[in-house]
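Each of the next two complexes has chain A plus one more chain, namely chain B in the first and chain C in the second.
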Partner chain A sequence: MNRLLSSLRDGKGFDIVLVTVPLLFLIALSGLPLIYNVVMSFQEVDMFSLGTFARPWVGFKNYIAVFSAPETWPIMRNTAVFVVCSIAGQFLLGFGLALFFTQKFPGASYIRGLFLASWVMPGLVVGAIWNWILAGDFGVLNYVLKSIGIISENIFWRSDTNWSLWAVIIANIWLGTAFNMILLAVGLAGIPRDLYEAAELDGANGWQRFWTITLPMMRATIGAVISLGLIFTLQQFDLFAAITSGGPANSSNVAQYWAWEQSFRQYDFAKGSTISVVMIAVVMIASVIYVRSTRHEVRG
Partner chain B sequence: MSAQPQIELVDIDKHYGSFHALKNINLSIPKGQFVALVGPSGCGKSTLLRSLAGLESITGGTMKIAGEVMNGVPPRKRDVAMVFQSYALYPHMTVEQNLTYSLRLKRVPKAEAKKAADEVAKTIGLQQLMHRYPRELSGGQRQRVAMGRAIIRHPKAFLFDEPLSNLDAALRVHMRKEIRALHDRLGATSVYVTHDQIEAMTMADHVVVMRDGVIEQQGSPLELYDRPATRFVGGFIGSPAMNFISGTVAADGQSIALELDGSGALPIGRGLEPGRKVTVGLRPEHVEVGPAAAAQITLPVAVVESTGSLTYLTTGGDPELTVVITGRSDIRAGQTVGLSIAPGRVHIFDPETDRAL
Partner chain C sequence: MNQIWTQRLLLLVALLLAALYLFPLYWMYVTSLKTGSEIFATPPGLTPANPQWGVFGYVWELRGMGRFLWNSVVIAFGTMMLTAILGTGCAYVLARYRNFWIDVALFLVLMLQVLPASLMITPIFVGFAQLGLLNYPQLAVVLAITAKAMPFFVVLVRASFMSVPTELEEAALVDGNSRAGAFWSIVLPLARNGILVSAILIFMQAFGEFVYSKSMIPAVELQPASVGLNAFMGPNTTEWNNIMAYATIYVTPILAAFVILQRRIVSGLTSGALK
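After this line comes the complex of A and B, so read on.
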């Protein structure tokens, strides 16, 4: 006991304790459920076999069932549209705002802080706010679009199959822009000022400085922001639950919401976990890209 | 040398809010001259250089480069090149891309840009490094790339902002000569900011000493050394620094009674108003050490330091004086020595205004 205490005191072994605690935490709460989920996707699971781990092994039957279901490809397409459009919207708006706030003007940092309000809000609250904004008959968005003459008829964002996915995308862009802005602003702040001065003396105008200095210097940050965006967007669940519930007729359903629906609404746990495993594969690829892009930091 | 100066500054003023950074700066630089701006930190030398580059705006006065008024002209249209203290190399570009950046912006054909880069690389010895990234270079190599990036543009003027301060002492001495040689070879007009008076003295044709936003004195290096206009310039130029001693002009007007323990009268070889309070400046290398009997000043020696080629004596008492003797000396600490100085080498300043008399 004494030896243990003294080894803690002089630092030897303390580093191992520091690593062990989060490692155990990760294994218990992330690693094991992940493995359990993967195993489940190769088993036959029903309400009666839920309590046991020794279930009939069915090989790739669940995967075949998922990929032959008629709703699979529309939902995968929705997922792709949701991810690409959300990330594009969040990134472009976030980068624009980040560049805007690098300009020195009174209150710049204060106003930038206000933008974070959207990010700290729970997804369900954001969903509720956007439900009002997007409401077909009394929503503000319809009122604005009609007032400036872009639409002539009310759009029923949440119940029109042509628009339901876009209703969630718009809300998700609003939710994620601030996070993109902050990360990109940090990246911008890390570019040495004298590089811009040297480029200016070398004859570069503002546009050229952006393309030849800012963008290449931001490569690592942009890679990280987009990979994180991919991960967060694939995790986005609350907004679907709050705004469209994946409907109508699966028109706004995406893989992550579908997996939950299968497991906890249809109680088809095998199918739900199979969809999750497919998503794990996609997120893993994104994570690898993220880790690699942060490793290749280019700094003088 | 053409009649029209390459760089002409008339009554330049610069305020940062209530802080007056540059006060009434007048400076004219002929084509081909190497000018050093020197002074302690915060004296405004870097601000002046950055104003020349257009990176800072000036509040008043006229700034001309090659005869054109540059007030308000953005840096990219001034056709001046700057070498930064941090080098400011583009980290995501190879050496070759760093060199050709300005040419690529001007849409110079690729082959032509490459040829120019090769030529510059040959001038400054970078041929082997063209495909390296800045992070793979040593400090001295980065310094060369920064210079190459300036040279390739054939600018109207080169601006150097303490370019050697990140190098070690040996390399600094070497690069000093190299920069000066390059300047001569290119026939360039250069403005060089440094806080190191040795750099300024050894490199420049014309030295501008600044303090608190004002030009204290400008002239050739030896002019500044021989005839400092103020006590500040006297103390700043020359190493080790000039000794300053308070004194009073004696009744005959031809010598000064120094406020120094064990001192005699110091002949000055010219007439000053008797009884006037003055500050006397003596360069350590101008003081001669001899037997106490025949000397003008007799003082005990407190410290003897020898570097082999030079011996430094520091005297006891207040104020302490530094004396430099060429070669070696058998003087020991505690010994009393006699010091004398040629009347023509005595600098006399007004204690009120600090200006030379």
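After this line comes the complex of A and C, so read on.
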């Protein structure tokens, strides 16, 4: 007993306790739900069988039901459009800003840091603000677009089925740009200055320097930033809840919102967990890529 | 001379970019101060003609914001404490050693960081219902957010433990400290800043959390401000000045904390997030 106590204070036991307690907590609250999710996707789960473990097994019926539902493929397409366009927008704007802020001028790092304000705000607040900016009749975005002549009629961003997904994408690009910019700026700062000086002596212009030095040197960072973008974009829920609620008629619905809707609006927990299983598999693949690209960077 | 002007020009462009990017925030503040008819004016005014300072007190009373914000603070504080207590030790061990099992644990932590809350809520909700945890909804939400937020905390804090030289800890051990003593009196104080900043980030994240609270807290008097804001924004709402006032009250403390701690938050993020 004494040996055990002293090991806890002064030996291997100390490390083991420090690391196993949190890991057990994580396994209980993330690992078990993950497995339970898969179990439920093969069962019939509704409000009545919620409290019991003895639910009827239905095999792949839930999966068949999900993949044969008429709304499935439009929602999957929306998810793909949402992910690709959000990441492209966040990345390009973030990269542009990061390149701009590598220039030396007073206050550069402070002003750059201010951009992160978007990232610390609650998602619901961001959603509320964009809700108002994107409002059809009196929204300021429509007013600006009309004054500079891009559109002649008001766009009803949130209620027009052609635009509702774009309303959320615009808000999500705004939300993620700052984070992309900061991470890319770290990567840019890590490129040795003398590479550029040598290239300049050799007569390479700015454009050539960007393509032959900046981009190749940034490959690992770009990989990490894009896979992080994929992970964060697939986590985006608050903006959908705040701006369109997936509507009208599922035109802006994406898989991660749909899964929640099935469970907590339709109370069809089996269907909700089936969609979750599929999407979690997608996220897992993305994160393996992310982990691999960051490992590469740390260990060289 | 030429260089000074280039720098001034760059600064000007930087300020313009920042102003453009942060315009939505400005628009929130301005809209909250406008009158109910002024918000529908065309062209929309860039400043309120007649600032309605009373709107904040009015919305505070109307929506019972005191209770909502208090619930948000309770949930955020609980999450922060639980995360810090569990996560700090974990981050320390993961920073100190390098072997196969540590790599496995690190990989596990990184993988758990990526699970979307809106997908995990279904099994967590059903499991918590069966365990009876939903009878204590705020506790249930704290547990769920902690599981979601802890990997992020561990990754950030691990980076700050890595910057503490092992020699200092070894010297303390030679001087007769126990492992626990050296951890408590040498390593922890040296990594204090990183831990604090990460804990504040977790607080901010939990303060704005929505999906777990929305799904697991049916009772209005226990809901946090994010759920309250969602309920305030009906599909056909027109009282945007009031909604923006709600958002202003909700977000201003976070923004103030962010502006004060900006430098530390940015450096904490950049040291941890890519490693």
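In this text, the second predicted complex is superposed on the first by the 288 of 300 C-alpha atoms of A that agree within 3 Å, B and C clash if a C-alpha of one lies under 4 Å from a C-alpha of the other, contacts with A are read in each partner's own complex, and residues count from 1 in each chain.
The criterion applied here is as follows: contacts are C-beta pairs under 8 Å (C-beta built on N, C-alpha and C of every residue); 3 or more make two chains touch, one makes a residue touch a chain.
A quick note: this is a predicted structure, and the numbers were derived from the prediction, not measured.
Colleague: Look at where chain B and chain C land on chain A after superposing the complexes, then choose clash or fit.
Modeller: fit
Colleague: What is the contact status of A:P56 with respect to chain B (first) and chain C (second): first, second, both, or neither?
Modeller: Neither partner.
Colleague: May I ask you to name which of chain B and chain C touches more residues of chain A?
Modeller: Comparing chain B with chain C, the partner touching more chain A residues is C.
Colleague: Does chain B (first) or chain C (second) touch A:L183, or do both, or does neither?
Modeller: A:L183 contacts chain C only, not chain B.
Colleague: After the superposition, just quote the angle formed at chain A by chain B and chain C, using C-alpha centres and rounding to the nearest 10°.
Modeller: After superposition on chain A, the angle is 80 degrees.
Colleague: After superposition on the shared chain, which partner residues are touched by A:P74: those of chain B (first), chain C (second), both, or neither?
Modeller: A:P74 sits against neither chain B nor chain C.
Colleague: Does the superposition put A:A204 against chain B (first), chain C (second), both, or neither?
Modeller: First partner only.
Colleague: Which partner chains sit in contact with A:F25 here, chain B, chain C, both or neither? Use first/second/both/neither.
Modeller: So A:F25 only meets chain C here.
Colleague: Which partner does A:P192 reach: the first (chain B), the second (chain C), both, or neither?
Modeller: first
Colleague: In the overlaid three-chain picture, which partner chain does A:P216 touch, first (chain B) or second (chain C), both, or neither?
Modeller: A:P216 contacts chain B only, not chain C.
Colleague: Just how close are chain B and chain C at their nearest CA atoms in the overlay, in Å?
Modeller: 11
Colleague: Intersection of chain A residues contacting chain B with those contacting chain C?
Modeller: In the superposed arrangement, which is not itself an observed complex, chain A uses residues 298 for both chain B and chain C.
Colleague: Given the complex with chain C, which residues does chain A contribute to the contact?
Modeller: Against chain C, chain A makes touches at 8-11, 14-15, 17-19, 21-23, 25-26, 29-34, 36-37, 40, 45, 50-53, 97, 100-101, 103-118, 120-126, 128-133, 135, 137-138, 140, 143, 147, 174, 177-178, 182-183, 185-187, 221, 224, 228, 231, 234-235, 237-238, 241-242, 245, 256-257, 259-260, 263-264, 269, 272-273, 275-276, 279-280, 283-284, 286-288, 290-291, 294, 297-298.
Colleague: Please give the residue numbers of chain B that touch chain A in the complex, ascending.
Modeller: Checking each residue of chain B against chain A gives 53-55, 74-76, 78, 80-82, 84, 86, 88-92, 101-102, 105-106, 134-135, 149, 153.
Colleague: So in the complex, the part of chain C that touches chain A is made up of which residues?
Modeller: Chain C residues touching chain A: 6-8, 10-11, 13-15, 17-18, 21-22, 24-25, 27-28, 31, 39-40, 42-44, 86-87, 89-90, 92-94, 96-97, 105, 107-127, 129-130, 143-144, 146-148, 150-151, 154, 178-181, 183, 201, 204, 207-211, 214-215, 225-226, 229-230, 233, 235, 240, 243-244, 246-247, 250-251, 254-255, 258-259, 262-263, 265-266, 269-270, 273-275.
Colleague: Can you name the residues of chain A that touch chain B in the complex?
Modeller: Residues in contact with chain B: 192, 194-195, 197-205, 208, 212-213, 216-217, 219, 298-300.
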